[in-house]
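Every chain is named by a letter (A, B, C and D) in the order it is written, and numbering of its residues begins at 1.
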Amino acid sequence: MAGSSFGTIFKLTTFGESHGVAIGGIIDGVPANEPIDVDAIQAELARRKPGQSSIVTQRKESDTVEILSGIFEGKTTGTPIGFIIRNEDHKSTDYDPIKEVFRPSHADFTYTAKYGNRDYRGGGRSSARETACRVVAGAIAKQILAAIGVDIVAYVDQVGTIKVGNEIDYNVIDENPVRCPNMKVAAEMEALIKEVRKDGDTIGGSIRCEINHVPVGLGEPVFDKLHAELGKAMLSINAVKGVEFGSGFDCVVMRGSEHNDLFNEDGSTQTNHSGGIQGGISNGMPITLRVAFKPVATIIKTQTTLTTEGKLVEMDGKGRHDPCVVPRAVPIVEAMVAITILDFYLRDKGTII
Amino acid sequence: MAGSSFGTIFKLTTFGESHGVAIGGIIDGVPANEPIDVDAIQAELARRKPGQSSIVTQRKESDTVEILSGIFEGKTTGTPIGFIIRNEDHKSTDYDPIKEVFRPSHADFTYTAKYGNRDYRGGGRSSARETACRVVAGAIAKQILAAIGVDIVAYVDQVGTIKVGNEIDYNVIDENPVRCPNMKVAAEMEALIKEVRKDGDTIGGSIRCEINHVPVGLGEPVFDKLHAELGKAMLSINAVKGVEFGSGFDCVVMRGSEHNDLFNEDGSTQTNHSGGIQGGISNGMPITLRVAFKPVATIIKTQTTLTTEGKLVEMDGKGRHDPCVVPRAVPIVEAMVAITILDFYLRDKGTII
Amino acid sequence: MAGSSFGTIFKLTTFGESHGVAIGGIIDGVPANEPIDVDAIQAELARRKPGQSSIVTQRKESDTVEILSGIFEGKTTGTPIGFIIRNEDHKSTDYDPIKEVFRPSHADFTYTAKYGNRDYRGGGRSSARETACRVVAGAIAKQILAAIGVDIVAYVDQVGTIKVGNEIDYNVIDENPVRCPNMKVAAEMEALIKEVRKDGDTIGGSIRCEINHVPVGLGEPVFDKLHAELGKAMLSINAVKGVEFGSGFDCVVMRGSEHNDLFNEDGSTQTNHSGGIQGGISNGMPITLRVAFKPVATIIKTQTTLTTEGKLVEMDGKGRHDPCVVPRAVPIVEAMVAITILDFYLRDKGTII
Amino acid sequence: MAGSSFGTIFKLTTFGESHGVAIGGIIDGVPANEPIDVDAIQAELARRKPGQSSIVTQRKESDTVEILSGIFEGKTTGTPIGFIIRNEDHKSTDYDPIKEVFRPSHADFTYTAKYGNRDYRGGGRSSARETACRVVAGAIAKQILAAIGVDIVAYVDQVGTIKVGNEIDYNVIDENPVRCPNMKVAAEMEALIKEVRKDGDTIGGSIRCEINHVPVGLGEPVFDKLHAELGKAMLSINAVKGVEFGSGFDCVVMRGSEHNDLFNEDGSTQTNHSGGIQGGISNGMPITLRVAFKPVATIIKTQTTLTTEGKLVEMDGKGRHDPCVVPRAVPIVEAMVAITILDFYLRDKGTII
């Protein structure tokens, strides 16, 4: 109800503010007896963590996860997995300048309006720091999904106007700081991000995700269609403004005779405008989706902003922010996808006795 | 869990197949003592109903709703509202041709794979007929929201490559069969739809929705952000392939200095790239969203399809389908938006004692 | 949230007031491909229906269920089952006398306080009439459970001070109007009920239920223990004041050495004080529970009551009420047990991949 | 779904095994701006903690709670409260003797059957240690409820055959180690518990709880009746075998004319057989309930038990267990009641706009 949980069977609940003692979560409904590699969880966190390259925020956080329950002798027991990540870099003094203003296009204003209080230490609960907990749960979900053959790959396909195009090499995604599957385009994107940062500004981007080998039959009609829940998962990530599946917004200009995916004899389809989902249920083809991220709201340029007293003032930006959010958002997209797919896999088990 | 419910407090659960006895639903969590105009519910159904104009399906359904409980002496009592809509046009013979094939880009294949059976009478549960129940619940939600000042307006903003542009007159939306807020553009869209139908084909389109006077503070961090749940609501509608909020996919090419919505002294903003939502919580500005609908999968043109026995065969299309889904989808979009906003309004009441 | 749903996967949602147009429900999460005998549903309703014998209310209701969806060619399809039962005996004039008073120990006062309105036509949503919908869902659950070997039997074990004792013949439960598994004791109970009715009064009673051949492993720690959810199911039935499992309240005076159920080599236990559940999870032994029902609040004797204007007045009772609720409550107990057990059966399927 | 959560708006989710690193929880849906005294939370934990008197288990646990989020400057912020309690006394060697046996009337057998693995370090997730997390959440709920006038008091009313009777002094409940509201009876109970312990045995008991000044109107028909959810809350506590409200099981022998609670002019009632709840909704009278606890299953006496290999063997009991669970269960009952009442208080806020 208060929105800190995601999933129905495989269910993540998170807590924690960016400048509190710790963040963490509980994963309930973890299937029993699945081997879990805790190092692999930490490795996923490293893909999201600040300071990993020169084009992301330089804040210092080791993002070390401590697993507190639910795993015994290297395997899940079926009981909930509790975990915490201590906050290390939470000098509240960093945030004194923002104590009395509502930053434009941040959640300062809306949180204060909703809750009647101000956690002026930073982004608090609205900070993207919370997504580290999603990455932990996603890393666990990924390992369980891998055992049943599902693999998930996300990458940056656009930064500003630079698009990746059709020459894609999945192997290079983590070989460049942008997480773009084409080294040449990645270099262009990196240059753009650096230029934007030099301007004290930020830039938008988008991430594409492919989910392969999803069993046929996942997804629940009518309201919990597989792409509806995946869409919610994506839109719940900070800075996301849109999501599309398969043909996506391009479908608007298409005709049915062109858009329909004709079958092969084995039930696969010749095209995949459906993006692997028909009627809200997976059809065995790759599930494809694309997510739009707005430019980060924290900029260095001077902006007019509003004080908590209702006055407009000029504010000089400073701080250690991401000039472009997509490089660090790739593991978050993958994590939310993994949580969603595993949850639907478990939900489907009750369909037939 | 099985996906037939939407909402948490104001909660709609639906049942019914396109060719069964009836469809219907239960709305639980309806606030007590709200006046309800049953004729207004029927009027919303008329906006969604088949046969309403020459550019929609000519199937015959009166779509008459029977309210069975929860309203007494013209007001909600606080108990659940049960309702049914009898199916009148369900001659199963219509569907004999499809009994042994999986139609391309329909849900025939995935439903059979998931449930291990085939309701060959028609679209069954995957039919858009189910959305009539959403319109009933939405019409009730709209009336309750109107009493607190919220208004919701949706319209067709694109059919194929024809876009509505900036000259918008909300008053004409229901004055033309396309539900486009510009009579001239509407005529072009209508012509395109007729041309497409003549070709035995179908065409995609998109709908834009604006929600005005939403109280500040609706939406729940972290996973149940207002736009995340609205996005799920949209993606759960048949044929939707994408959804975007505020700046949407255009944000990808924007810089932060351009995208940030600067405040006015009263807390409103000069621009509205955020689409009325910051950090997942409404900020009092209009909430804006756009939804992409694919071309209807049922076409008259001959297509190759797959039999339930696994053979490829040629199938001649026939039947009474919509050449373009968006004119009838406008009230569905409004309905799902209304259900979602009212639910968050009620959820917010528990935030502060 | 508003309390009209029960279950998590196999989930019943109900609507309807005693004096409205109809009552009904939706069962979501019904496993696909299970044969359902609709006559058997109607037969269960007959066990609950008014007028079935001389010791129950003589109201006239045929309680005919109409199944609207979810069953095709005699089997469940996996889609929700919608159903309605029309109210036939709802002359509101019957209830004119109660329009302006709150009857003692009824829900008139609390509903009015909660909802700020009065559905003076009768018990409204608080009427036990609502339980007919539970019997429909329970009859479906029972049929599915029977296919996996689970059987459920409930019976009246006490009326007033008359107890059934140890001589029990399950075969005679439906051979007497009390539903007591001992014909001699049943006759005594029947005589007591008639005497009480002659006095214009009512009497309490209790029902015992046994659930046999439940698979080992059903129930979810920590909060959703099998008996916790069964207990909630029982306490949600009108007039129930208490519930106990296995040794129940007798455990208070027992010692551990006496109460512990020692194992046999096959994992069964020599005694069954645990009532078939250990740590909230079924252990394969019969699950046993007992439910206390208060005397019906509607009596013929003159009582002081409170007007809606806040005055105390004398009210002469009249009407067609049950002198003792337990004979008709037996199928309701079985129904709620069946719904609960089937739900946990489906929930357990996600425990191990 | 997997059962580690309780509540709908004010919602506690817990994790942790008795012999893992830590236990803990997340409370979501905490109303904002409520002052919280962290020392009062620790004081409630002290009432539940091992080693507090000579008649409880002598295990050593400081049960120190660390609050990680959701409270800022002494008040709730509205964001989830995360907390952990480190396990200090988890030498797994303690449990070597039980590694290969299923202890009678423990959850060893059922957990192994359900999950297909054995956490042989101790009770694991089935251990009553988990209830410490409930006490934390309950202590927070109590503070918030106190601000709206609700008070909750529980006490031991029976140990073995010794009952407290009618002479009750609430002030002495925490003045004696049994938590009985009569010092003389408490001394008798204490003597009985010591005698039982000397025998290497354990004894059952019961707890009564009164909830005063609950606002009229809490509770949701039909399935989520206030006492149904309270009953589930009680039955989810380790060792509970039964629960009753108001007249409870005594209602079975009563007549309606005797059981009905006649009104006073102010809407209160002359008697309170209803136990403060009518039709599942609070009526403003004190809510009264009673809970039966079985004798602890761990005894010192030698018992026959079953090995994991399926052999019957004699097992000598040892270890530091409670001879009677009720003294330490009093704060747990209060905690679960507080969580439930606060949750219904928040749920009720959506009933009327």
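Keep in mind that, in the parts below, contacts are C-beta pairs under 8 Å (C-beta built on N, C-alpha and C of every residue); 3 or more make two chains touch, one makes a residue touch a chain.
Since we're looking at a predicted model, the values are computed, not measured.
Ranked by separation of Cα centres from chain A, the top chain is C. By number of C-beta pairs in contact, B-C leads when B-C and B-D are compared.
Annotation: 27 Å between the Cα-based centres of chain C and chain D.
Per-chain CA centroids place chain B at a distance of 39 Å from chain C.
Between the Cα centres of chain B and chain D there is a gap of 46 Å. Annotation for chain C: residues 1-5, 8-9, 14, 29, 32-33, 78-79, 114-116, 125, 221, 347, 350-352 touch two or more other chains.
Across the interface of their complex, chain D is touched by residues 1, 9, 29, 31-34, 78-79, 144, 147-148, 221, 345-347, 349-353 of chain B. Looking at the complex, you find that chain D touches chain A at residues 1-5, 8-9, 11, 13-17, 20-26, 28-30, 32-33, 66-70, 72, 75, 77-82, 84, 114-117, 119, 121, 124-125.
Of all residues in chain D, those touching chain C in their complex are 1-6, 8-9, 14, 102, 104-107, 109-111, 113-116, 125-126, 130, 158-161, 196, 199, 201-206, 216-225, 227-229, 231-236, 238, 241-249, 251-267, 269, 273-275, 277-284, 292-299, 301, 303-306, 310-312, 347-348, 350-352.
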